[in-house]
Structure formats: C-alpha cells, structure tokens
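Chain lettering (A, B, C, D, E and F) follows the sequence in which the chains are written, and residue indices restart at 1 in each chain.
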Amino acid sequence: MDTARIGSNPEPQPELFYQATGSEVQLFEQADRFGMPVLIKGPTGCGKTRFIQHMAQRLGRKLYTVACHDDLTTADLVGRHLIGADGTFWQDGPLTRAVREGAICYLDEVIEARKDITVVLHPLADDRRILPLEATGEELQAAPGFMLVVSYNPGYRNLLKGLKPSTRQRFVAMSFDYPDAATESHIIQHESALDPARADQLVALGNAVRHLGQHDLEEAPSTRLLIHTARLIAAGMDPRQACEACMAQPLTDEPTAQAAIMDIVRLHFAEPGQVEARKKIA
Amino acid sequence: MDTARIGSNPEPQPELFYQATGSEVQLFEQADRFGMPVLIKGPTGCGKTRFIQHMAQRLGRKLYTVACHDDLTTADLVGRHLIGADGTFWQDGPLTRAVREGAICYLDEVIEARKDITVVLHPLADDRRILPLEATGEELQAAPGFMLVVSYNPGYRNLLKGLKPSTRQRFVAMSFDYPDAATESHIIQHESALDPARADQLVALGNAVRHLGQHDLEEAPSTRLLIHTARLIAAGMDPRQACEACMAQPLTDEPTAQAAIMDIVRLHFAEPGQVEARKKIA
Amino acid sequence: MDTARIGSNPEPQPELFYQATGSEVQLFEQADRFGMPVLIKGPTGCGKTRFIQHMAQRLGRKLYTVACHDDLTTADLVGRHLIGADGTFWQDGPLTRAVREGAICYLDEVIEARKDITVVLHPLADDRRILPLEATGEELQAAPGFMLVVSYNPGYRNLLKGLKPSTRQRFVAMSFDYPDAATESHIIQHESALDPARADQLVALGNAVRHLGQHDLEEAPSTRLLIHTARLIAAGMDPRQACEACMAQPLTDEPTAQAAIMDIVRLHFAEPGQVEARKKIA
Amino acid sequence: MDTARIGSNPEPQPELFYQATGSEVQLFEQADRFGMPVLIKGPTGCGKTRFIQHMAQRLGRKLYTVACHDDLTTADLVGRHLIGADGTFWQDGPLTRAVREGAICYLDEVIEARKDITVVLHPLADDRRILPLEATGEELQAAPGFMLVVSYNPGYRNLLKGLKPSTRQRFVAMSFDYPDAATESHIIQHESALDPARADQLVALGNAVRHLGQHDLEEAPSTRLLIHTARLIAAGMDPRQACEACMAQPLTDEPTAQAAIMDIVRLHFAEPGQVEARKKIA
Amino acid sequence: MDTARIGSNPEPQPELFYQATGSEVQLFEQADRFGMPVLIKGPTGCGKTRFIQHMAQRLGRKLYTVACHDDLTTADLVGRHLIGADGTFWQDGPLTRAVREGAICYLDEVIEARKDITVVLHPLADDRRILPLEATGEELQAAPGFMLVVSYNPGYRNLLKGLKPSTRQRFVAMSFDYPDAATESHIIQHESALDPARADQLVALGNAVRHLGQHDLEEAPSTRLLIHTARLIAAGMDPRQACEACMAQPLTDEPTAQAAIMDIVRLHFAEPGQVEARKKIA
Amino acid sequence: MDTARIGSNPEPQPELFYQATGSEVQLFEQADRFGMPVLIKGPTGCGKTRFIQHMAQRLGRKLYTVACHDDLTTADLVGRHLIGADGTFWQDGPLTRAVREGAICYLDEVIEARKDITVVLHPLADDRRILPLEATGEELQAAPGFMLVVSYNPGYRNLLKGLKPSTRQRFVAMSFDYPDAATESHIIQHESALDPARADQLVALGNAVRHLGQHDLEEAPSTRLLIHTARLIAAGMDPRQACEACMAQPLTDEPTAQAAIMDIVRLHFAEPGQVEARKKIA
C-alpha cells in the first residue's frame, strides 16, 4: 500500500517556513522540558497548526494530529479491538501511539470533542503522565518526549462546550492572533510569490475587512485566506475577481455583507474586473 | 455482477451538454491548478451537478459523488472494516478512493452532513492535502489531480447547520443562479426537444412563478422542473395539465399556492385543459 | 420455505379491481415513458396503494412496496452485509432489487422516513438514474422499466417532516381524493357485495361524517372503512352496530365525537340496534 | 429444556372463565370471518387480556401475546438474524410465527410501541394480509386463521403517542369498561372464593373509590385489584388491612389520597383493623 | 474461580438479624401463598433490603437482587445470546433464573428502570405467571415458589418516572418507614456494639436532624447512617468528629445545612471535638 | 508489551510526598478498618488524588484509578466479554480487579458518571460488600482490603447530576480545601525547587486571585497551577510571563478577567516582563 504511517516520517522533510512573532518557541520548549501540556488559543487560520508542525520539526519529534469533533470517541484516540483471524486484537489509536513513542499528540479544536475525551487526558496532563487503557487493562507511562498539545478558537461562543476548569488548569497556555502587517505581507509573499506591493495592498485590504466586525461576518478573514487570494492574483487573475472568489464568497452568504466586502475591495484594487450580473464567480 | 464501480468509467462516455454562463470553468481550472478545494452555492436544480460532471470530463478525472445527509458517517466517506473469511479487512470509501486515485470527490448538499464530516475534510482542504485514516493508522497524501468540491443551497435557512468559518475559509467559492431566459430556453430545447416558441413560453412562465416569492413557495421552480414540463408537452400532453403535474403539484401542497400557479399558467398557455374537479392530475 | 420472494409473482394473479377517476393512468404511463419518478398525494384509504398495484399489473412490472417510518434506515432500502460461513456477504434491499430488475419501487408515506432516505433517491430521481451503494462501492444504473413512486398524505401537518424542495422538484406529482358518490358506491358494492341501496346509504353517511371537520376528527372516514362497514352489514349485522364498530370507534376515542357520528348514523339507518350502556361494541 | 414454545399448547388446557358482557364475542367472530384486524380499548384490568385468551380457546387458535413498549423493535416482532456455527440464520419473531401458523397475534398496549411497529402492521391489516420481511427478502401471505388484535387504554393522555388515522381506520374496534356490579361480584366470587355478601361489599367499595375521580387517583381500581383484595379477605385477613395492602397502597403514594380511600374502606367494612402508626402494612 | 453463583447459597448462612416492626412478615407470606407480587415503598436505608433478605431465609428461597437504573435493559434481566465456539448460545439473566428455579427476584429502586422493564414483568405479575423470552421463542411458566418483589422510594419526586397504573395494580403493596426510637436504638446497638446510652443519644440526634425538613436536606438520615456513626464512636472517635464524617458531610454539600446539623450535634454530644478550620474531616 | 498492568506495582516506588493538613489520614484508616467506603469532596487541584496515592502506599494496597465521565459505562468498570479464537471470554474491569484483589478502587469526579454507575456501587458500599456481575452470573464477595473511594468537586453546580441520597448515605465523607499559606508554600518549594521568598510571593498572589470570586473566574487557581508557575520561574522565566502562561491564560479566555489577574500579578512581582501587544504568550 502506497501510504505512510501517521507520523512515521521515513525520509527527511524540507523545513517548514515559520515566522515567529513572539516568545512562543521558547515557552513551548520550557513546557516540553517540564513535561507540561500546552494549550494554544487563537482564531481560524492564524498559524496554530503551522506552529506545531514547526515545533515538531525543531524538537525532532513525530507529530500525531487529531481534528476533534462531536462524534470523536475515546476509542478513536486511544484505540480499539478489531476482529482478526485469531479473534480480537488491539489496535493503538494516535494518542496511544504518541504516548508509546514519545511523540507530540496535537488535538485541534479540542472543545469540539465530547467531554469524555478530556478525561483520558487528565492522567496524561499531570505529574503522573499515564494513559490507562481500560479496554485492555494496561496503564501506559508516557515515553520521554511525549507532549500533549491542544488548541481551540475562543472566539466561538459555544455555551454548551468548553474546557472544564479541572482540565484547563493542567495546561501552559498561549494566545495567538493575526500577525502584524509587515509579518503577514512577508508570509503572503513567501507562500504565494506575489510581489511585495500587491501583498501589502492585500494585507491592508484584509485588515480593513477585519474591522467590519462581528455583526457583518461570523469570523474575520484569516492569513490562509489572504494567501489563497494572493495565489490567484499572482497567477494572473483579476484581483477583484480573486477577492470575490477567495474572500467575499467564502466569508459569507449574505448579499449585503458580500457587497460591503466588495466595496472595500474596490477601494484597494482600482482596476475593475467584470462582475457578471447573472452568475457571480469573482 | 452487471454493475460499474464508482468512477471506473471503463468506456468513453458521450460528452455532456453544458452551457457555461460565466467564467466558472476558468475559476475551477485555477483552483485545480493550485490544489484548492471548491465550494459551489446555488438553488435547487440550477445546474451545479451538471457543471461538476462537465468539469470532470473536461479535466479527464474520475468523479465520486456523495449526497450528504444527517446520518452520513465519517466511515461512509472514508471507509470501514468489514468481516471476511480471514477476519476484518478494510474497504475504502468514496473520499478515500478519490484521494488515492487523484479523482474529484463531490459532496452534494454538504451542510446536511454532520459537522464531524467537515473535520476529515480539513487536512485535505489546506496545504497538507492529507487524509488521516484513524481506523487503520494510515495517513494518505492526496494523489495529484485530487480535488475536493462541495455544494449547498444558501437559500435554506438552517439555523443549526452551516459550515464553520474554519471550514469555509479553506475554499474557493462561486455562486450559481438560474440561467438567463435565452440560455434557459436553449437548455430546455436541448433536453426536451420542445419547439423554441413553446420553450420560450415556458421560460417566461417559470420566471413569472419565480416572482411569487417565498411566502407562497418554499423554493422557486428549477430549470430541471421546466425540462420535465417541456418533455410532457413535447410528448403531446396538454400544456396546462403538464404544468399542473410537473410544476404546481411538485412545488407545493397548499391549494391557494397551487391556484396562484395555475392562474399564471393560464395566462401563458391559452388553450384550456380539462381540469377535473374530483381528482386533480393535471 | 413456503413463502414468495417480494415481487417474484411466480404465477398469474387475478386482475385487481381498479376504478379510474381521471387521467391518472395516462399520466403514470407518460412518467414511465420518460423515466420520471412519480409522487402521489392523498388522504388515508382513498386508493393510492390499489392504484399502484393496478399500474404494476397493467405495465407488467414487479412491485416492491416499502412502508416508510422514522426508523427505516438507508440499509433497509438499499441492503446490508450479513455474516455467513465465509464472512460477510451483501444482501440487496427492495430498492436495489427494483433497480436491478427494472421493477417499480413504491415508498408509502415517504415523509415518515428520515431525510437521509431521500438522499439515496436523488441520483435515482434525475437523469442519472443511478443508485450508488456506498457500502460495496458499486454504482448501479437502473434497468429499463425501473420506476420510483412515493406517496404521502398532505393532510398530516408535520412541521418537522416534509420533502425538501430539492427532492420534490424531481417528481411528477398527482393528487388523489375520495371518489365521487356513484364511484364510491360502485367500489363498495364490488368489494362487499352489499346491495346498491344500502351502499348508497353508506356513501351518503360517509360524506356526512366527512363534513364534521377537523375539530371533531383527526381524519375523515376512508373508502376502506366504508367497505369494512359494508361487509359486516352484508353479513347480517345491524347497520348501527356495524357503523359503531367500523366507523365511530376506529375514528376517535372522544365520547362527544363518537356521539356526533352515531347521531349521523341514526339519521341514515333508521332501525335501531341495541346499544348497550355498560360495554359498547356497536 | 422444561419450557413450552409460545403458543404451542401441547396439552388441553382447562377452559378459562370468561363472563361476556355484550356482543363482543359475536363481533370478534365476524371480524375473524372477514380477516379484519381488531382493536380493543379499555382501562387497566377490565378483562381485555382474558377476553382474547377466551376467544383464542373458543376459535381453537394459538395465541401470541406481545406486551408493547418504547424499546420494542420491529425485529422483536418480526424476527432477526442470529449467528450460529454456519453463519447467520433467521429466527422468526412472534408476529411472523402467528402469520405462518394462522394464529392470533395480540399486541397489548400497542400505543406504547414506536410508530415503526405500526408500519409492519399495515400490509397485514388490509386486504393484502402480507408481512414483508425486509431483512430476508421474503413476503409472507398470512395463513388462514391469522388474526391481528391490538389494545390500548384511551384514558392515558399521551400527547406524543397514539395510533395514526391511517392505522386506526384498518381495524374493527370495540370498547371495554368495568363490568356492572352483579357481573363484577360474580367474577370476584369465581376468582377468589369469597362469599357473595362480602364480594358485593367489595364491589360497592370499588365503585365508590372509582368515583374519587382523576384529581385523586391516576387510574381507578380494576377488577383485578378487587380480586386480589378478595383473596386476602377470603384467606382470613382483616378486610381493612387487605384493602390497604391491595387497594390504597397500590393505587397511590399520596398520603391524602390513601386517607380518602381508607375513609371509604371504613364506611364499607365496619370492624376495625389495627392500623399501626409507625409502619403501615394494612 | 473463587466466586459464588448468584443465589446459589451452597452452605448455610448465619441467620440475618431482622427486627420486625409490624405485620410485614405475615403480609409477605400471604402474598407468597397466592403467588402475588409484592411492592415495598420506603425511604433510603430504612431496612427494605434487609427485610427481603430475611424473608428469603425464612421461606428457604434463593434471592436474586437487581439494582435498577436507567440503562438496565430487558436483556440484563432476562438474558442474552453470547458467542461461543459453536455460535451463539443463550445465557439466562437473574429474572429468568428466578423464574426457572422458583426463587425470589428483587428489583431494587424499580422506578429507576426504563418502562420497557415493567413490561416483561406484566405477564409474570398476573395470574398467568409466565415470562416470554422473545429472543428464543420460549414462554416460561414460573416454577412454584417464584416471587417478584420490587421497591422504590416515594420521596423522590421524579416527574418523568413512576410505575404506570397498569403495573402498580398488579402488586400487593406495603410502606416502610424509619423504626421507632427504641427499635432503632436496639438495631444500632446490635450492629455497632455501641453502649445503650450513647445509642439512645444518637437516635435522639437522628430524629432531631430528621425534623430539619426538605428545604435543608434532600433526604433525612437513615438508620444505616446512624449505624456508621455508631461504629466510629464505638471505635473511640470523638462523637462530633464521627457525626461530621458520617452525617453532616454525607447528607449535604451546603455549608449552612452542615452548620445546622453540627449545631444539633453539639446539643446532643457536649464534649467538643477539635474541628479544624482549614480541612474539615470531623 | 512494555507496559505495566494497572496497579501491579512490580517494583518498590519512591514514597510520594504528602503533607497532611488534618486528621484525614486517621479517618481514612478507620473507614478502611470497618470496610466503609470513602467520599472526598474538594476543588480542582487541591491534592485529592495525591492523598489517595499516599494512603494506598501507606496501607500497602494496589490502587485502581478511574476518571469518570458521561460515557463511562458499567462495562468499563466491571468488565466485558471479548471475542477470542474460541468464542467470547470475560475480561475484568478495574473495579472487578480491585474487588478480587482487595485493592483500592478510586473513582475520580464520580458525579460526572452516569447514574447507572452508582448502582453497581450500592451492594459494594453497604455491609454486603458484593459485586454482582450480571453479564456472567457471578456474585463476587469483596476480598479483605478492598476499599471504594470516590471524589467530586462540590463547587461545580450541575443541576442534572449529583449523587442520590441513597448513594451518599453509604459513605464516610471528608472535605478538602486549598492548604494554608505556610503549607502551600512548603508544597510549592518541594515540587518546584523555587526559593522560599518567591514561593511565599506566589502563594500570596494565588490567594489574592482566589478572592476575585466567581463572577470573574469559573474556578480559583489550584495548588497544581501555582506549582506549574513556580517551575517556570525557577527555570529562569520572567515571573510575569510565567504567571500569564500558567495562570492568566489557563484560568480564563475573558480579556477583562485576564487583565484583572495581570494587575494582581504586577502588584506581587514588581519587575516588568515585556508583554507583547500582538501575540501574548506571557
């Protein structure tokens, strides 16, 4: 089968581009040194996942990433029994593999998970650093190098969900935000090969749209979204059309909010694209 | 077994009729070039599915279509273990097949799916382009040519559902609408062999009914519905009877709304059909 | 095993009695000719099921009937894996059998089904006429002669249920109602062997009860219910007693509504039956 | 194994005592003659189950009784696949056995069942008299003698439950109530061997408690409960003590309602029993 | 395996201490004589379980006890199919064992069970005394000596739960309460070896706390709780400390209610224990 | 497999540091002597888990710890059947192992468990000390030394959850709180090697934050959280930065509450750390 095992990294990977914006690298390294779990907060697409990929490379660790959701069961994390020719056998889940191998286990959008997930995390997230596998009767001691990292977006107001205080207080926490204008323009140029002038224009446009506020948009445009737009512009597409396809349409379904974004777009990119009346594709 | 595997396309298919109405083809090709996922919005029966079938033919890709619904599980998309003579074996789902083969995977009405579905999409819908198969421990890198396409109808006001911003911002998006009158008449003639004069009459009737608005109809009549009507008229059925069977009855159960539609029908098709009082079949 | 396979019809069946009341037969035949799915609306017991049995005989097709309900799963329609001596094997459900054999598949009370059911219907209900079997990876092209028919009763006001516009607009639709008095009397005489005079009396009584309206009865008496009553009268039972057992008691549990019905009964059938005070059996 | 198969009745049973109170026996026989299903309404413990046992004996049919509840699945009624040495095999449920053998299938408290249950009943409860077994692909024609009987208590006001009109209108219905005083005393004497004078006293007491009404008691005392009381009195227990143990305590947990019942008891049975203050056993 | 089968009682047990407080023993024996099921009501820890253990010894019957809860399934009571080397085999549950062996089956806190549980009880709780095993097709006639006993605490006001009248009216019912002061002191001395003076003090204290009423405590202190306290005092612990650990802390989390209890404690046990301010262990 | 069985403790462990703060050790030993179960209440991170680890070492018992949650099933505690080469076999859960081996079973955050869990605890938590295994038909008598310990945080106001009085009254209960300042400073110094002066500063800061109250913080900072902060300070991190990463960010997502905490931090640690404006990592 032509597939790689999760985290097996059989060959050297090119180093990922990561632009540090504070002391997040040092704090992560201290947490690692003391075996403390790390909690990263921040909005969509601001670089949380990229940061953790970067730290895994820097520390020389395998990385197991699990995107959390409502139906993720403890078994999805820890493992389960499967039926083979000789009866049931146990198959480790990604968390268990990370515990055995001393890897980083990253739970993305952890507050989307059901609360029972946080419970298997508790004995891993204090001085015990153990993972009880109730289904097999094992109790794993985490290998040196194991690190638990979780993230969520505090901007989503989910009254029913959230980490319990008894979970939160186990973590070292850091808060991410969008990069400053110069850094963001640098990132965009690196990822899209767009020229500096138009990258700056795009960052200014992005920040203008970010000021529209919550009553217009569910969430502000991310750095990732600006990179998408930059790629289409660098490929020769009309900037207004690129902004409609990568910014106005993905951000909202509301015609008035789309119009407000396109007004801002027209202020930043003067030459008009032909916006069709019947079928809008930008 | 006399059935074709999904997407196996063993023999050349006749080219599908598709009438482009803007730059949607070019935008789709750019998204494909950069490996970006595509989101298509638009009302029922306006040609979204046909467009994607057309693009799959044009790009020479296999197409896997999945109609989303509340009970679609991640396993339905990704695959599952089955029990065979020698124990369990793994069977790929349509998304996994598309990822392995470099095909297009189209998730129709994606907001009908549970939110956990969108989570397997995240690592496929950013620069990583990977599909972690938690149940087998594999992590697939998408083959070149793989493309993720999703669609939904923004006209359905579903307060509980909707794409999360962290999902939406990963997509290049385009918005479809009904074609203009000349294009729609052309499509109807092509699909039903109805004469141009009556096709034009039918389009005018369709647009008149579309102006009835939301307090009368849950959704406006689609191009597909006009094609149905045209086929029955072209087969010799009385136009009023065809309009009742293919338009008034499918659009609504409300007698007053049905009467409003039939009033409009009578304005466009003067010769009367015998509408029975006791059992209405139009 | 002394049982017939669904729809196998191994021997000629006597022709079912069906009294057409409009052009429903012709419309059904046109829909069949164009491979369009058919939607039949109408109240309880007005002859929808009988009509479809009749059309299946007339067109020489096998008929698969599925009564829909809340817990009907897609697997119940499409099929499922069972475990045999050599591991799992696939067993077709009734929809899949109809698709393979070119038969009629009739989903009775389709709005009782969960919405995920309607989704497997979509690719069968447009020009594609395909049934993707996600569990096996097959994609079936419907055999010639396959026809999808669904029905529901628009009189049930179910706010949570209903067909989505994207489903409705795929169907040719027709609306059934109770037959006119002469036809209904004819049907009753044919089915119960009651004499014409008392059959006419019974139809007049039925129509009088139908005028009681919704605040008295959840649903008006059906033709089927009048046939039941007629059979007991023809068998020699006192008409008032037959009307209480087959009409007043089945229609409602409310004493006042039962009394209102029995008042109408007494107006139509003058000779008194002995209604007991302590235990009412009519 | 020292157990009888359901309904196998290997040896003649003594005839059950049943005291008819109207023409219910004749109506049941007519419904049987025409193959019509029967619906019996009535309060707790008024003799519905005993009546059906009586009719099964009288008609010489096996009887399958199923007590319905929220979690009763269609498989519980129809059957299911079990896993044996050679893979799965099918095991009939009680409804399927009754259909094959021409027996009576009695669904007690049918409105407690989920609505999907009623759906397997529909094709059995009209002229088709068929039972489709979707899991095996069979379609059983009911053997001659098969009869479907259902019951419920209309006094329970369950807003969420109830039979749909499309179900109700398939049944011949009859309504049971408590027997009149002379009949009830006769039944009590027969079942408990209590002397006629005290049986009459007990019936008078029962009817007095039945007049307490719904704001005091959830449901009035049944004939069964009076038989219980009579047996303890006939065995020599003080009547007041027997009435508290078999009537006041089972009917309610409310001290005021218990006191109201005991006041009535003292009016009918003058000699006092020693009611203890600390632990009341009556 | 060093474990006893439920109810197998392979060797004579020492007779359990039980202090009768009324005619409960005689009523239970009458119910047994007539094969009637028994319902016992009463608050937490007043001796219901001990009474039934006592009656099982007295009548020479095995006892199967099942603690009921929300997730107890019918299969937990009746039995289920397990998979062995030769396919599935049936394993009796505790209710089925009691029915086969003529034992007592005691369902503790029966209103915690789902209502479907009560349904398997119905045919066992009337004259039929049968247990239909739908999964195997058996219908068991209860062996002589089988007795069904259920209990609940009427003090819990659970609006959603409760026995249906059709269930309640099948039982002979008795109501338990706390013993009178002399009896309770006797029980405490017997179970804890505390001296009579301090046992009397403890009973007086318990009754004083019982008068605090419902707005202070969810439920009054049980005899069992007084025994716990007595054991620690008899072992030499300061009475105030024992009362805090066994009475104030278990009864409530509310500081004001704990303080109210400790005020009463100090009135009954004059010599002060050192109550720490920082960590209260009493 | 390189893992230890739960509780097998194959080699001597270094003695855990535990600072007693009252007579909790003596009370625990008395409860153990009488076989009484123990309930420990207290806020997050105040030392409950450490205390139980300490007592297990002191009493020379194995310790089985189960973190409770909504989806913990009885089978997770008691055991379940697995399928092996020769059919199903039974595997003990942690509670069953503790019962067989005479170990301590500790259920952490027991009110998070579903109520059915508490039911398997009842016969273990009174004089019977038995564990009925309904799935196997066994009834285990707890080995000498078995001890049941549960804990929860009474500060979480969960209206839907909570121990039933019939459960609570079976336990000897003790209440934990944060240690006094001298003890807490001693614990911090022992666990982090921070110097006494700054440990005292940190305890003063922690107590100041604890006075912010519930309208600012969901729960006050725990001793564990202060230890985390102390470790980073002892490792050379700026105290303000350490306090933001280990205290302000983990305690809350609210900017105003974070600012309030940081104001208090600045009052206790005068030298300023460079707090970045764009990305806060503290």
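The criterion applied here is as follows: a residue touches a chain if its C-beta (ideal position, glycine included) is under 8 Å from a C-beta of that chain, and two chains touch if they have at least 3 such contacts.
From a predicted model like this one, the values you see are computed outputs, not experimental measurements.
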Fill in the blank from the handout: Ordered by label, the neighbours common to subunit C and subunit E are D
Handout entry: Longest centre-to-centre distance from subunit F, chain (CA-based)
Key = C
Completion exercise
Expressed as a multiple of 5 degrees between 0 and 180, the CA superposition of subunit B onto subunit F rotates by 120
Practice task
Please report how many Å separate the Cα centroid of subunit B from that of subunit E, as a whole number.
Solution key: 61
Exercise for the section: Let me have the rounded angstrom distance from the C-alpha centre of subunit D over to the C-alpha centre of subunit E, please. Expected result: 31
Handout entry: Centre distance in Å when subunit A and subunit E are each reduced to the mean of their C-alpha atoms
Key = 53
Completion exercise
Multi-chain contacts in subunit F, i.e. residues touching at least two other chains, fall at 83, 86
Exercise for the section: Please categorise the chain-chain contact pattern as a line, ring, star, complete graph or other. Expected result: ring
Exercise for the section: Quick one: which bits of subunit E touch subunit F in the complex? Just the residue numbers, please. Expected result: 1, 3-7, 44-45, 49, 65-72, 76, 82-86, 91-94, 97, 108-109, 112, 153, 156, 218-219, 221-222, 224-225, 228, 231-232, 235, 237, 241, 245-246, 249-251, 253, 276, 278-282
Completion exercise
Per the touch rule above, subunit D residues touching subunit C in the complex are 21-24, 27, 30, 33-34, 36, 39, 41, 73-74, 81, 83, 86-88, 114-116, 118-120, 122-123, 126, 132, 134, 137-141, 154, 164-166, 168-177, 179-180
